[in-house]
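Input: one structure, supplied below.
Letters A, B, C and D name the chains as they come in the text, with residue numbers starting at 1 for each one.
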């Protein structure tokens, strides 16, 4: 889960990292008042999860009060990838002599945190290309030992950073590592870390992502999970702990496990067809989450046919059948359902379902997908 | 005859009184696996499964009493790292975490602890290790496979079932099926499994199932090129030509990921691995 | 460094460990007022570092207001090992059904923290005998992994503690481990941890010791270092980072290193003589700390003769000589000084000292000590 | 010929521009030790000791440039653990911490890290390792000893000097002198040193100097009984009969400690170690 810029900054500020003064605003009048408090020049920053904020005109430097309301209103009118801008962060504008990039991120292949320092100020770990042509130094961290001073020294000496900045940089590195650990982050990024004319380090921009699997123990962050930002299906998916993906096709899919999801999509694509939605109920789903998942597909007007592809290990086929019947009994729109149900307790699961007229049964993924696509083709003709 | 577990393995279940742990312990008993007991803190001294399995408070107690050397973990995600560390501390040789979705930093702690131990972790988010006729140490559907000479290793659990089921339909038996798990940070990886299969006299061919995300299939390809003499057949799901169409639609909150087109199959082909275009092509390649 | 009981309790309270209400008092009137606030019965506890507080009458349970002032005054009149009682902790008295001992302590031989749970409520790690006849379970903790839940489960199941108490005990164990780590403790002890009739765990008494070598980074504790409790020499020793020990003899000793301290004492004892003081200046001492150490011996009226036994490795003999001359030039009382100065830069050190008339020089520890004791014997006759 | 360091050892100094590090690096140079460089973060690229020793910012840089495999540490106590961890991370084989009084929990972290490495730590609070004529990796006074066949191991630094000085006066040479350090938590212990001396062809007899506190001398006695064939002579300071007189006077703030009377000498005598009543008795026992 990515945090909004203002959320990330509030966490880093609490951790004692030097940041420019900033306050969140929801309308142009607020923006003007805050700018007056902070003092010009200020930077207005649209708060959004969408990429391309800068190019779209969502980040503007304002020198004088005269232009601020107009520009604020321009920013509030921006719609990025269908999401309107709701908040602007008003921030003190800074002049600086040099900028660096400093981050802790999770290296999933190695299974360790990594400390990165680079001369590519403003880059982001999420876009590897942004480090092109800049010197980058990484240090893996043994999570059981924690970040050590000598590792930070290794970075600053390799990049030839002036010794007068080491102590500050060391302190900031330890603090972002503490934030990384404390908040179960996968990324804590300062981009960029700037050197002011007074030889002070300041964190100009920041980015924090949190491990979704750890949210249960990050109570202080649960409010940050900005659900208003998601559609109904995405909120349902979060609620029932399933994975939901929306695509521009007409067949809704429900599978158990990422592998089956890919396999089903691969088979659809080999027939030049896209799914409308892909729901992964994961291993060991309960009948409630299965029922809710089918409900999402039945209620989705774009979905004309439904593929259910379950190979149960921990997912019990009798429980799956039970969940499916719960949704089917609710009187939602009827749609043809192509189902493959195999694995743990499949006999009793199939017994439960066999009388339902909307369902047709298949033995393999290939047969299942072929039949669904075949039906769709006939409908279209 | 098998890798990771054998006829001599003494299997315990961590979380044996939970809904899933209890059910799958029954399934394992049905499959004839040698289950020797399980843990459920606070219920030590009781018996489960009609008095067939003794329950212990701690892994230490269970290992001391039963000499268990394989543990299958069904505890909830928030206490899985603790359960793994407990088994490492008690010297359990093969630790299989069925539970997935474990906090990433918990797994980093576990990985670091594993390095300084003699334990092997399979998973998390693994379907287990299956040696047909000997043991189903995990959640594989029963009777999904029969004994043979093909070793299978897969990240995805459901694809594990798919391929083994397909092989069975085509009359091909398997030596061992290992689901290494599809969580972002896992214990045993492809190279170690390949090393074990290479050394196993009852494995003649190896099937490797991959998927998008990470670079573990690339590492596998490098390892195969340098170390594996037995024929390897691979299938990488989600890497079909047209997958790139889907890129713009991938959700913020979901866990689907995408690779550069053909990156992994390309590396595997370079390592002289025969790559199946479809999962259902694998039996024919094995027989060829 | 041991903390006073009230200091330890304030740390544990801040960490969220359930403790009975308590407040510190410096006179009987305060005691009475606090007791009224807390509610009777209360326990009055003399605050002292000295052992034997209970036997001396320093811990008293008070049932009613009528007796509290008299008993308070009795406690304030106590003098334990020459230290008068200055503070009383007034604490809510508790009834409980069962008591346990719970602690984290440093196992120096193994180099790890250890978690201990025992049925010996009220025992202390500092007196191994106090665990006799009680069941004790220890678990070493890998400091780089930290305390794990399963280790706590191992303790509670071994001692057969009721499962209804596990969660509370787990939480308290993690919290005292956090205190141990955060404050660089060598011991965090709850003795005893009691079970109330409501099945709640409470920490009735506590003991915390801090690693002296870590005090530099424990700023919040520097006030706790109750210097009023120490004599002038002990305060000087803390200031100049030397080790000071007082004995009932007449020869003051200054050495570099624990080994030489023991060797010198052994030799004195073999001649049936005790030192008056033993100052270990450690390796690499500066001339300032050497000068101050000699000053302490010159000013100590009990010291009739001085032994200086230096075998310099990191301690440079020229620097030692320099420090000694600084003290000798200050016009303090003159005393015969028996010195052995060997090792790094001994030639230049001896050159500096050779002209001083108070000094006589020796080549070995044995000769040095023998001469000093011989002189003392002659004086006494 | 020696243990822990040899004529091939390439010695570096961590904290080479500090007051103590600089002085003792000079002393080491005078003694003919093979010093190859040192570290002082921020001064990398400079030279010290009249241009004889290159300075580096990090141990990694120093090891890469000089192939140093022994490091002698003189940095302040608060950054010593970091310095040791840095050397462990760079694969330095023998790490000698002259600095003492290191926070105890820092040393616990270091001990745990050492277990998972191939490095050996001598100290903290060690006088170093002395191989007369070859290297003085530490702070031993120069010319304190000459080459011979007696190995010396001691917790106390000053007693190390005392005994080696005494041996020299009596014409006895030493193979290696190891000060394992007198901090509460140390790296290499008596048993490991004894094992190395036992295996060293140039060591014929071993002198072990002990003191009060801890139980390391007891462990040494057990190890000697089971593993050491070479004659061992021991002296335990502070364990004379009358020491018990002193018990009531020991200060709260100081670090003197007391053992039960004769506990350690008793254990050593049981292990057939010849125990000297006085330090000055040792040469006669060696010669007997």
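In the analysis below, contacts are C-beta pairs under 8 Å (C-beta built on N, C-alpha and C of every residue); 3 or more make two chains touch, one makes a residue touch a chain.
Just so we're clear, the structure is a prediction, and the values are computed from it rather than from any experiment.
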Hypothetical removal of chain A, resulting connected chain groups
one piece
Can you compute the centre-to-centre distance for chain A and chain C, using the mean CA position of each chain? Integer Å is fine.
53
Where the centres are mean C-alpha positions, what is the separation of chain A from chain D, in Å?
54
Between chain A and chain B, what is the gap in Å from one C-alpha centre to the other?
28
Going through chain C residue by residue, note those that touch at least 2 other chains and give them in order.
144-145
Listing for chain D: what residues touch at least two other chains?
109, 113
What topology does the chain touch graph have (line, ring, star, complete, other)?
complete
The answer for chain B against chain C in the complex is residues 41-42, 44, 57-61, 79, 82-83, 85-86, 89, 109, 113
Show me the residue ranges of chain A that touch chain B in the complex, using the header's touch definition.
1-2, 49, 106, 108-109, 111-113, 142-144, 181, 184, 186, 211-214, 216-217, 230, 234, 237-238, 243-248, 255-263, 265-266, 269-270, 272, 274, 278, 280, 282-284, 311-314, 316, 342-344, 346, 364-366
Under the stated contact criterion, what part of chain A meets chain C in this complex?
144-145
Touching chain B in the complex: which residues of chain C?
145, 148-150, 153-154, 157, 163, 166
The residues of chain D that touch chain B in their complex are 115-116
